[in-house]
Amino acid sequence: MVSDLRALAKYVEPGVRLALPVDYAGVSMAMTRPIIERNARNLDLVCVPTGGLQVDQLIGAGLVRSVETSAVLLGEAGGAPRFNAAVKDGAIALKDATCPAIHAGLMAAQKGSPFMPMRGLIGSDLLHHRSDWRVIDNPLADGGDPIVLIPAIKPDITIFHAPMADRFGNVWIGRRRELAAMAYASATTLVTVERIVDESLLASEMSAAGALPALYVTEVAVAPKGAWPYGLWGEYPTDTTEILRYARAARSAVGFADYMTNAQMEPA
Amino acid sequence: MVSDLRALAKYVEPGVRLALPVDYAGVSMAMTRPIIERNARNLDLVCVPTGGLQVDQLIGAGLVRSVETSAVLLGEAGGAPRFNAAVKDGAIALKDATCPAIHAGLMAAQKGSPFMPMRGLIGSDLLHHRSDWRVIDNPLADGGDPIVLIPAIKPDITIFHAPMADRFGNVWIGRRRELAAMAYASATTLVTVERIVDESLLASEMSAAGALPALYVTEVAVAPKGAWPYGLWGEYPTDTTEILRYARAARSAVGFADYMTNAQMEPA
Amino acid sequence: MMSEVHPREILICTIAKLLDGVRHVAVGASSPIPAAGAMLLRALRQQAGEKGPRISILGSVEHNFFTNGSAELFDCAGQGRIDAFCLGGGQIDGRGNVNLVGTGDYPQTPVRWPGSFGSAYLYYVVPRVILFREEHTPRALVEKVDFISTPGVSNDGVYRSGGPIALLTSKALFRFDKTRPGFDLQSIHPGHDLAGIKDATGFQFAHESQPEQTALPNPQTLALLRGRVYDEVAETYPDFAAQMRREIERPLSHAS
Amino acid sequence: MMSEVHPREILICTIAKLLDGVRHVAVGASSPIPAAGAMLLRALRQQAGEKGPRISILGSVEHNFFTNGSAELFDCAGQGRIDAFCLGGGQIDGRGNVNLVGTGDYPQTPVRWPGSFGSAYLYYVVPRVILFREEHTPRALVEKVDFISTPGVSNDGVYRSGGPIALLTSKALFRFDKTRPGFDLQSIHPGHDLAGIKDATGFQFAHESQPEQTALPNPQTLALLRGRVYDEVAETYPDFAAQMRREIERPLSHAS
């Protein structure tokens, strides 16, 4: 089950739909460069429910065809420069969403349902620009009561980083249960972890409660500090200095290319 | 937050919709007699997703108006005698369901949605007898593709038993996440526990992963061996002998009354 | 040779064959024979150097791969991650309809069974459902069920990625033909014959004039079953494993 | 007296008043002023022997009550368990519409903001939404937003249990009248006047001829804020708390 990051990156074929977690939930930054080296283009990204550094770098590297997201930003470092430039240039297709709509789409896939209904959205311009969302009158009401149906989001691949996996492929995700939702919805799930533990995470009720079963996990690879410069809950904090450094560098395409070529791949 | 079982039972007013967990998920058997003593009638039970001893005893005590369930049984002890007798006599209204439909109804309530769609069911006689379920053509398909909509299930009260709570009202449910789903969907959630711990369950990522936050918990009371004669995961096994003893006694109304009057309320 | 194989061992081995090729099979907590069949298949595959199927035992605390409550099995099936499932039934009819609710007119059924459980979903979305009922009588195998907990076939246009592939009883194995729809007698277990099967079956079924006998396990398979597999079965179904081991020590009768 | 109160302390105290009576308020991880307002309300209520509101700080690992991933906030709001929320916006218009996406024509917006986050849901289902934007300029408060991330009002028949109740800026407090719909100027913060507010506001609003001045906190409230509340704020927003404590030591200007 344990293999290296380049082997994992091979799963990312051109044109796949790739789901990535929000910055505080466990971003596998360690996979970013292997994916860029692998140079699979026309990726359709699904940010669950927002994107950050990894999304910006994949866009900057020219690999991204479309982004479905509720937001893209670099946290305290502000806007995401390569995302913003790509929007301005029309270089990527946008599927602007709102957080619970992303969750609803994944939930539909988790449940094997074609859609989930969702309140809100009516009167928002988000809805006008989403031809895949549909408004119907609530069939359980006496008439009227429009409601939006969000179609199932079925990513080809989910990639995230977690504190630990066991040698049976179970992954500890703690209370970051959107990671489980992503895996349930996805055909393939690739996980990097800080460490592999010997004992099964399912062996005790305490650790099992926060475990994603191996059933949903395609591959696990060890990548110490694999979320860096993002932090990982319970493990290490975000390296804001590094993210600010990226944000400054990536204001221009040249600066971005320079950063990606020369910046360290790992924390100092 | 900690109060006694009779105080908890006061929440169970006549005519409330009461959600109860499956036999292996943490049934608060300790609450059964306080509820019966309180004598609140016309209860509408929702079994998540099946019922057992507690449901049979509430029915036997004449408190139940309707049961929504995917099954009622006493596990190895076979059919549930007071449930079966009440069905035969027409003494309770039946809302026969299938497990994922119960989960779908609770999920709709959890999401604040009026319904959830669900595959399956079409052609089942369950559907014919559920006027609250609705078949529509999938609005996202090109035509046809019938699908069932399950309306939100919003219990007034959920009652369950868990290994522990902390003194802030957070309850440890481990991987029995249907207990969280029940609490999310319910206006009031009453929990009995084996013990109260001092440290917040939210303080460590490991215990937080299996915790239901106090936000969803109305009251907690201590009831050691509170699931007995059912077992509680990670704590104690089911007392099959006692359940068999009940199953034999409750074959008749008289035997049931005798059991409820004379049987011990706690494990020997 | 014959007398060495317990009738339930034939059932276990038949289930293992029916499951061949699946990646993930779910079995009920009170279904030791299907569980033993799945465990036998896993042991056979692993003996051949393969991975063997994943087996989820429902309601078991020790032997379950799930961490998301009792909804996860159904979610998992909806995702297409469960390839096979064994389903029983108070009544099973000739169109593959299953009744888990009761006999007579609903809702005041004179005989009430526990209820439909997850059948009205799993039967639709699990590709390989094996109907398993040891009791082979006109009472259990009926022409038409009194209540359809879950139907054997669905109309065109109804989403249905799964359904019954076979019906296994203590007397025989039937294959399900969903085009007809109906059951075809595949083989008869040792000690039974076509006339007896016809008497015991409440529905019409297709059959050869000289039906085959259900194959017995070869000695290697039987050895594996009686060694490693019963050990594994004993972890979850100790009473069943003990009973099997007691009975294979004694002379066996093949009466059902 | 005046010079003792920092302009942001007026904002914090105003938010505490707007939140009075709520059981549960959610605030963003990068929203120290709303968080401080909620914490001040909790401290005031607890001083009065009451329980005070529950405060969920989003994206914070330490100060969150959630254990079900990032969907739980929205579920919780959908269940009616969140009474109040503070929402910012790149543009806010006179009908309470909020734009978090960008300026100009979508999708190739010349200025792109991060995106709509959860606004297109929370704004509909949280009963008391406080629009909070310190920048009070015609650029931020516009006649009509370029993109409606989430609308201030909904048509009759659209499910809407929540929405805006007020707009708070560095210069003034507006109440939202959903029947009109539009904003009513409620009060002007010290150091500002009606003419200046009109110049700085891109949308029309109703107002008294002599608008009130926004009330200053009384000394007890200020003492509570500067003591216990800043201590609590510092746990989640250390930089903000330190900055406030530095600035209240210095002479203050009331310029925005």
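Which chain is which? They are A, B, C and D, in the order written, and residues in each are numbered from 1.
We take it that a residue touches a chain if its C-beta (ideal position, glycine included) is under 8 Å from a C-beta of that chain, and two chains touch if they have at least 3 such contacts.
Note that this is a predicted model, so its numbers are computed, not measured.
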| item | value |
| --- | --- |
| Chain A to chain B, fewest steps along touching chains | 1 |
| B-C or A-C, whichever has more C-beta pairs in contact | B-C |
| Chain whose average C-alpha position is farthest from chain D's own | C |
| Distance between chain centroids, defined by C-alpha means - chain C, chain D (Å) | 61 |
| CA centroid of chain A to CA centroid of chain D, Å | 29 |
| Distance between the centres, which are taken as Cα means, of chain C and chain A, whole angstrom | 41 |
| Residues within chain A bordering two or more other chains | 107, 111-113, 118-119, 145, 147, 175, 180, 208-211, 233-234 |
| Interface hub residues of chain C, defined as touching at least two other chains | 66-68, 74, 78, 125 |
| Chain A - residues contacting chain B, complex | 104, 107, 111-119, 134, 136, 138-141, 145, 147, 149, 151, 173-175, 204-211, 233-234 |
| In the complex, chain D residues that touch chain B | 24, 54, 65-68, 74-81, 125 |
| Chain C contact footprint on chain A (complex, rising order) | 109-113, 180, 184-185, 202, 208-216 |
| Chain B partner contacts - residues on chain C that touch it in the complex | 30, 59, 61, 66-71, 74, 78, 100-102, 106-110, 112-125, 147-151, 154-155, 157-159 |
| Complex contact set, residues of chain A against chain D | 22, 24-25, 48-50, 69-73, 75-76, 79-80, 83-84, 87-90, 93-94, 96-101, 103, 107, 118-127, 129, 144-147, 175-181, 233-234 |
